[in-house]
Amino acid sequence: MNAILIAPIVFPLILGLITLSLWQNRKMQELANTIGSFIYLVIGFLLMKSVLEEGILVTQAGNWAAPFGISIVADTFSAIMVMITSVMAFAIALYSISSMRRSNVICDMVNKREQFGYYPLLNMMYMGINGAFLTGDLFNMYVWFEVMLISSFILLSLDGSKLQLEGTFKYVTINLISSAFFLMGVGLLYGLTGTLNMADLAVKIHEVENQAMVTVVAMFFIICFGIKAAVFPLFFWLPSSYHTPPISIAAIFAGMLTKVGVYSLIRVFTLIFITDIGFTHTIILWISGFTMFVGVLGAASQYDMRRILSFHIISQIGYMILGLALYTPLAIAGAVFYIMHHIIVKANLFLVAGLVKRLGGSFDVRNVGGLVNSYPFLAVMFLVPALSLAGIPPLSGFWSKFFVVKAGLELQEYFIVFVALLVGLLTLYSMMKIWNEAFWKPDPGKCTSEKLIPGLFSKKNIFMSIPIILLAIITLTIGFYPEPFYQIADRAANELMNPSIYINKVLGGVQ
Amino acid sequence: MLNMIIIGFLAAIAAPFIHKALPKFAGWLLTLVPLGIFIYLLPMISPISNGEVLLLSYKWFPSLDINLNFVVDGLSLTFALIVSGIGAIIVFYASGYLHGHKKEGRFYGYLLFFMTSMLGVVLSDNILALFVFWELTSISSYLLIGFNHETERSRYAALQALLVTGGGGLAMMAGLILMGVVGGSFNISELLNQAPAIVGHSLYLPILILILLGAFTKSAQFPFHFWLPNAMEAPTPVSAYLHSATMVKAGVFLLARLNPVLSGTDVYHITLTVFGGITMLMGAAMAIGQNDLKRILAYTTVSALGIMVFLIGLGGKYAVTAAITFLVVHSLYKGGLFLVAGAIDHETGTRDIRKLGGLKAFLPLIFLGAILAAFSYSGIPPFLGFVAKELIYEATSHFHVHPVILTVAAVLTNMFLVATAIMVGVKPFFGKYIQTPKHPHHAPVTLWLGPVLLGVLGLVLGAMPSLISKGLVLPSVAAVAQAEGVKLALWHGLTPLLLLSLLTLAGGVAFYYLSFAVKKNMAFFDKLALVGPEEWYKLLLKGLVKFSARQTAFFQDGYLRHYFYWILAVFIGLIVFTLFYKDLFGLIRVDFTGIYFHEALLVIIMLLAAYSAIRAKTVLSSVAALGVVGYGVALIFAFFSAPDLALTQFSIETLTVILLVLIAYNVPRFSKISSRRNTSRDAIISIAAGLTVTVLVLLVLNMPSESKISTFFLENSYVAAHGRNVVNVILVDFRGLDTMGEITVLSLAAIGVYTLLKFRSSRKKVNVEKLK
Amino acid sequence: MRNLLINVFLAFIWLALTMKFDLSNFLFGFVVGFVVLWFVHRKNKDEKRYITFLPRLFSFLWMFFREVIKGSVKIGYDIVTPKHYMNPGIIAVPLDCKTDLEITTLANTITLTPGTTSMAVSEDRAYIYVYNVYLDKDVQKSIDEIKNGLEKKILEVLR
Amino acid sequence: MAIYFVLFFLTIGAVFILIASIGLLKMPDIYLRMSASTIAGTFGVASMLVAVAIHFYDFGIFLHIAGVIIFLILTVPVGAHMLGRSSHIIGLPMWHKTVRDDMKDKYDHENHTFKTFKKEGELKNDTKEA
Amino acid sequence: MESLLAILIGGLFASAIYMILRRSIIKLIIGLSLLAHACNLLIFTIGTVVRGKAPLIEEGNKYVTETVADPLPQALILTAIVIGFAVTAFTIVLIEQVYQSVGVDDTDKLTASDK
Amino acid sequence: MSMENYILNFILPVLTISMLLIFIRVFKGPSLMDRVVALDLLVIVGIGAFSAYAVLYNKQVVIDISLILALIAFLSTVAFTYYYVKGDHEKDKFDMN
Amino acid sequence: MNSVILRTATRVLLPILLLFSVFILIRGHQEPGGGFVGGLVASMAFALYTIANGIGHARQIFPLSPTVFLISGLSLALLSGLVGLFLGAPAFTGIWGSYEFPGIGPLSTPLFFDIGVYLVVFGTATSFIFTLKLKE
């Protein structure tokens, strides 16, 4: 049990170290990373399995009892996140194989990426992400955030094009400010409660003599996690940067990174800051509404696929936050379900965008066309995640939206439901805009290289197609067979809504 | 039942592959799917006619009570038979119509996909499962309307249809969920028992409005009707099937299905009657003005949908019987006429009725189908259309309020329809042959069989209405109105209603001739269209894009400092708001006792240094001032019992300053680029932010926690962890995981710096080589 | 040099023997060791140098110490009083020091002495450039001051 | 008794550091400022460290302090030397009352060394009274 | 003393924010460094601020015998300082690259990624 | 006046006043070398302050900090001078206001 | 940096400082210091040496790539964290040897962890120096 809990943190580091020591040997790096990613995938599933079988798992790093050392905790929510990360890591590992072999299409310098630590960075980023998911200590979470952030900084700037540097610059600076707020929040919270362990915080927070102060400190966490999660009006770094890096990096960023912010928001606002829900969660509700709306509107005027998709991340984050804001078991389950669905779908859309760029010649949908005839399978592979994102039933996105909407209606939050539905419609509009332009419209002939490019299943593209298919299958599975996924999300929600389970597990020995 | 659905979807997926494998026989082969379903459904008529209702349940998503519960009653069976029956005809027709088309296989796929979804809609007992299928029909409709996606118009129309119906669908989803929440179940069969509770609930009105939005958009009711004529960009079989016979009736179906739950209130009946009435009149009137065969048919379809909504709105056994009968009739003749229009288009290359004439001789079988449909359409006995029309007049004239107005509206609508029936079913075939782009040949069996079959069916059923009366119509009425329906009969004797029918026919002929005059003044209608709902749609979309661009330009303007403004605004706003809201300012305590001179001076130096870092004119002086601040921080650490921190801070600060100087060396001097207004605004913002932080620190200092976990570290550092430097013990033992992360960050930074510089330099080399 | 190490070593042995680890005992041990070394080496010509090494070292240190204080006070006085007495300039001082260690020691000593700073050693190691705050009217006098003072003492210690 | 020594040395050190700081501020050119600051680095700090040594009067600490002082003796003059050298290479201006500059134009930009000094020829040229 | 430190933190924070809001890329990074100082001091101040009582257990003792400074915030700050340094080092190099690619020390010229 | 008071009320204030003066030089420059000299001196004053602290609180640990401080000051001086000489001197003219 | 004074001084300083850094590292558990500061001191010594004697010389006495230090440091830290795991305890559990080495005390996983930190810090700082030097 100790091992499986720490493995999602340690194993990526080991893999990162292995790939790092194979710095110049691309073939070996690729091989090691692919095998490693598979093991990592197995670890992700094993953790999920253990958590489902045994309930919340806890290990105390260093064997120091709970509030004193650092607890590593896997409840269902964390386990879900870790598992999805491992799935994404596996998909990206496969996608990277051919997306980097074919250097001329995506980027001239791309085939040099491994030499500059692409795989080590990726793996260490997973380490940070998993650390953030699994830690039961607020300051430790800060550390993992930083691990994740600095690897993402480097990955983002990896090709060093001017645009990329610029995007990275904005991403880095804004995230540094976010980290500062995080640190201040942790400091203030420590001053108020004298502890850092999240379970212990959840207990001690009630002992703070002036509860109003707790609410004030909660604002810090709304801001710092809000920035990471890219909520309104703190999202600006995302559309500035996510469209600049190579697509495999953009995909993992789009899928995973903002979700870490969402995860943390959900974690602290279901475990620690639940003393003044009427205030804090109302603020979150407002934020979620604006986030959904502004995000989706941002996409409406864009033509670069990656930009459209980036703005949609923001809008979708709004839905997840909405689930948190509503704060009912169904709503939280909806948020968790939404996260599961969105990571898969959004990353897949980016991967598809990469293929569109490779096969159609551009990310700008105005310059691409006729793909439905030239690559019908690609069209299907686009439609699955796109329609899912738009919430077309019975794809995964529909269920996600459905839970949140239902929870909203049950709470009689009609206005926010109206916004959510309207945003759903606009999302549909955006996705169909891509479809209309890139797939339906006749090829404008602006990218002439098409004839030379082999099909989807050619030797050169096969590794790009496999992960796309894999992720599409997951999307379809969630859509057509939502029951088990909902069960898990519901279980996660139940744990989140009843923090005492978590607290007792973590502090078990002490209380 | 589930097997049927699954087979349908599988067939849809397989269709393109089947077509690829067997290009010649695919159409015939795939016709078997809907035909099989039709045949599978037929035997169910007998139990249904005996008043039985079949319920089948398949678990799907039990946690949320979303299951594939199917119900077979009169209503669903009627619809299912229409869907599968006409479906079979359409697939067969398409095999001729699209013969040799590049995307024929895909077409079958879409079509079967649609058909199955539609079957799902009509057969579902669970409103959420119904909604799932409902949305699938929207998507398949989108794909079919945009089938000829090379043209801009197709894409436009497809998107429009999707957005209008999709938007309505989302509203409907909310309505359905609300209804489910209020009624305690998502199963219609259970909701029926909850009808009084739902109708009496305070949420009844929102539920009704939301569901009506879904139904009205799908069934093209005013003011959402505009998408339907545009949808005629689709290939004709699609128009025949989706946009007249089946999908557009989904809204009507839903109203009929939920009628027992939602009806009974004034608002329900008035809304449906008024909107249905407006739609039927307007659609019929607008049809007169058209010249394109398919557009004429499209507007009459709008009108027909209006009639059905109107009738459901009236309620009562006559109206509902009329609605159901009209539904069947309409499916038969409108499907037929669309197929005729398609055949004419296929054979002649045009659909403009002004350019068509005398085709009777060239396309005799098509003509047969056309004239049969037109008779039914015009309500001429002994066609089924006559039966339906009689029922409509019966319903309006017997209505308890405003029977005259209602009847006049119905008659007027029917007059228009008769006129259009002449335009479509008669005009192209009689008179002198006009040269068409293509010379018409004898149409193949695939093209004529459908229209003839549907036309004959209209005749047979009209002559013997009992064929459908007991088996389908009455059970349907029972399901919709929860009441005994009116038995269908062809001949009611010489009643005033018969007179109305005759009047309708006469008026129709007159309108036909009048229509030519109307068409000459189309400019007026065009102007009218400029204020119509389609313009609103366009404006909305244009506005959306414009607003989006504006909004994005406003928020995402590219200026980093503006992003910081937002972050700070949120920070200051949220915190200060909370402080005020929670009234915390009173708790601030400031205590300046016990401060030594050197400490105060150090703080002052640091503040001065910070200030001079701001005011510095050169990069180096700013960096140096920053260094002073850093050393100051280190001194504070040292003064206040943190030697480890002081050490670290000193070394780190030095390294940072060195790095900064190395990097900043290229930048000679800060240019003065901010305006005075900006700087003073920023100064105010920063001071506000600084004050906020100070206040927070002071507040937290005034309410310190009673117990801290650090006591544990102090007690156990040596005893349990063998170290006397507690800070170090925390770092390497108590919180070793933090340090693990920390050194990972360090290593990553090393990789990052290397990568950035190395990549950059290799890139430069590449550029240099390029230059050479 | 070797003998210095031996002397220190002896002092440590003394510490170990007496089991009293403090400064005065170390110094006492050092003196004892020195006496022992003097006794052992008093007839040996080569090793005898060590016996005079310490006096020479102390003589150098004393001179250095004096210079430091003198310079510090001089500059300090100059700083705290409003009038400037400074007469700065860079002079080239010819070097007798040859090895890296000798040159570096000389240069550092010069720099450590307030009022003078070694700026550079010429390419051929023939001159050391020294910045002097209080240059004498006669430049040669300033040069000699270094040559006869610090350099001589250093060479005495190091050679 | 020892306490007075401690205080004495602390005071001496602090005062000289203060004087050096004043000098740093007051002196007219970089070379003079540098010269002024050296007194803090040597005399000032050394006397303060001596004070510490006396205060603790412990052999271990004495060794530590000796270490610090030796280290300072090794580094402070090298630092000062580097500062002076670099300043001169860059050509930072000297105080207008500076009487002599034997190093003028001796820097060899390619080898980063200073050329040797030619006594007779250049002495006269370089000697300039302000 | 805590009150004074609170004012210092506020002052540093304000200066940091002001620098961050400037258009100069270099000023921005200076601002970020100031921000880091403010954060570290904030955590430090919120722990116990005492003079000359480092959290070290005297040789020969098993526990601290008097009240000492809270070691935990110190450990946290230490971690934060190091992490901050790593990130800052990377950022500095990044900024140099950005500066070289733009050629002007002005963030307002960096709008291409949003256009 | 006890030793503690003397250090607190005389030695440390004197040292901090020195810091203030040094800081003024840091800020005024005008050249990088001036700032480097000043920062160097600042660290030296830091060592002095630590010595005073060691006496004041009877804590010897600060002594080793001094050693590291000296190292730091030295490193920064060397690094600055190194890069200063390597760099383009013309640019420094801007810095001489 | 062609100054004989600087060169000589740094050559004398390098071994002293490296020794000092190890001292800082070892005693960090008991007194202020530890792997982080130790590593910094070592890398500063190295930085000084590199600046004074040129990267070629520095490479000669420091033939390993800084990455090797990063990898070995991280691995060492990680391994000492995982030792506990292999013994059935949670990860990062401190394991202490029984034999007291003079000057070091008993060998322990926290000590190795700290050595890992030392190596990483050294590797990172050295990598910065080398990279920046290479940049020229």
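So that you can tell them apart, the chains are marked A, B, C, D, E, F and G in the order they are listed, and the count of residues begins at 1 in each.
Operating definition for what follows: contacts are C-beta pairs under 8 Å (C-beta built on N, C-alpha and C of every residue); 3 or more make two chains touch, one makes a residue touch a chain.
Nothing here was measured: the structure is a model prediction, and the numbers come from that model.
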Quiz item: Which chains make contact with subunit A and with subunit G at once?
Solution: B, E
Quiz item: If we look at subunit B and subunit E, which chains touch each of them?
Solution: A, F, G
Practice problem: Write down the chain pair with more C-beta contact pairs when F-G is set against E-F. | Solution: F-G
Exercise. With chain centres defined as mean CA positions, report which chain is farthest from subunit B.
Key: C
Exercise. Compute the distance, rounded to whole Å, between the mean C-alpha positions of subunit D and subunit G.
Key: 32
Quiz prompt | Distance from the mean Cα position of subunit B to that of subunit A, given in whole angstrom | solution = 26
Practice problem: Could you put a whole-Å number on the gap between the CA centroids of subunit A and subunit F? | Solution: 47
Quiz item: Any idea how many Å lie between the Cα centroids of subunit C and subunit D?
Solution: 16
Quiz prompt | Multi-chain contact sites of subunit E, meaning residues that touch two or more partners | solution = 20, 28, 38, 40, 42, 46, 51-54, 56, 59, 72, 76, 78-79, 82-83, 86-87, 89-90, 94-95, 97, 110, 112-114
Practice problem: For subunit C, jot down the residues that touch at least 2 other chains. | Solution: 107-108, 118, 120-121
Practice problem: Can you tell me which residues of subunit B touch two or more of the remaining chains? | Solution: 556, 558, 560, 564, 639, 643-644, 647-648, 651-652, 655, 659, 662, 666, 693, 697, 700-701, 708-710, 713, 724-725, 727, 731, 733-739, 742, 744-749, 751-754, 756-758, 760
Quiz prompt | Inter-chain touch pairs (all) | solution = A-B, A-E, A-G, B-E, B-F, B-G, C-D, C-G, D-F, D-G, E-F, E-G, F-G
Quiz prompt | subunit B residues within the subunit G interface of the complex | solution = 643-644, 647-648, 651-652, 655, 659, 662, 721-725, 727-729, 731-733, 736-737, 739-740, 743-744, 746-747, 749-751, 753-754, 757-758, 761
Quiz item: Contact residues on subunit F for subunit D in the complex?
Solution: 3, 6-7, 10-11, 14-15, 17-19, 21-22, 24-25, 31, 33-34, 36-38, 40-41, 44-45, 47-48, 51-52, 54-55, 60, 63-64, 66-67, 70-71, 73-74, 77-78, 81-82, 84-85, 89, 92
Quiz item: Within the complex, which stretch of subunit A touches subunit E?
Solution: 139, 142-143, 146, 149-150, 153-154, 157, 160, 162-163, 165-170, 172-173, 176-177, 179-180, 183-184, 186-188, 190-191, 196, 239-241, 243-244
Exercise. Sort out for me which residues of subunit E touch subunit F in the complex.
Key: 51-54, 56
Quiz item: What residues of subunit B sit close enough to touch subunit A in their complex?
Solution: 16, 60-64, 102-103, 106, 128, 131-132, 135-136, 139, 142, 146, 149-150, 155, 158-159, 162-163, 166-167, 170-171, 173-174, 177-178, 181, 206, 544-549, 551-552, 555-556, 558, 560, 562-564, 566-567, 569-571, 574-575, 578-579, 581-584, 587, 693, 696-697, 699-701, 703-710, 712-713, 716, 733-738, 741-742, 744-745, 747-749, 751-752, 754-756, 758-760, 762-763, 766
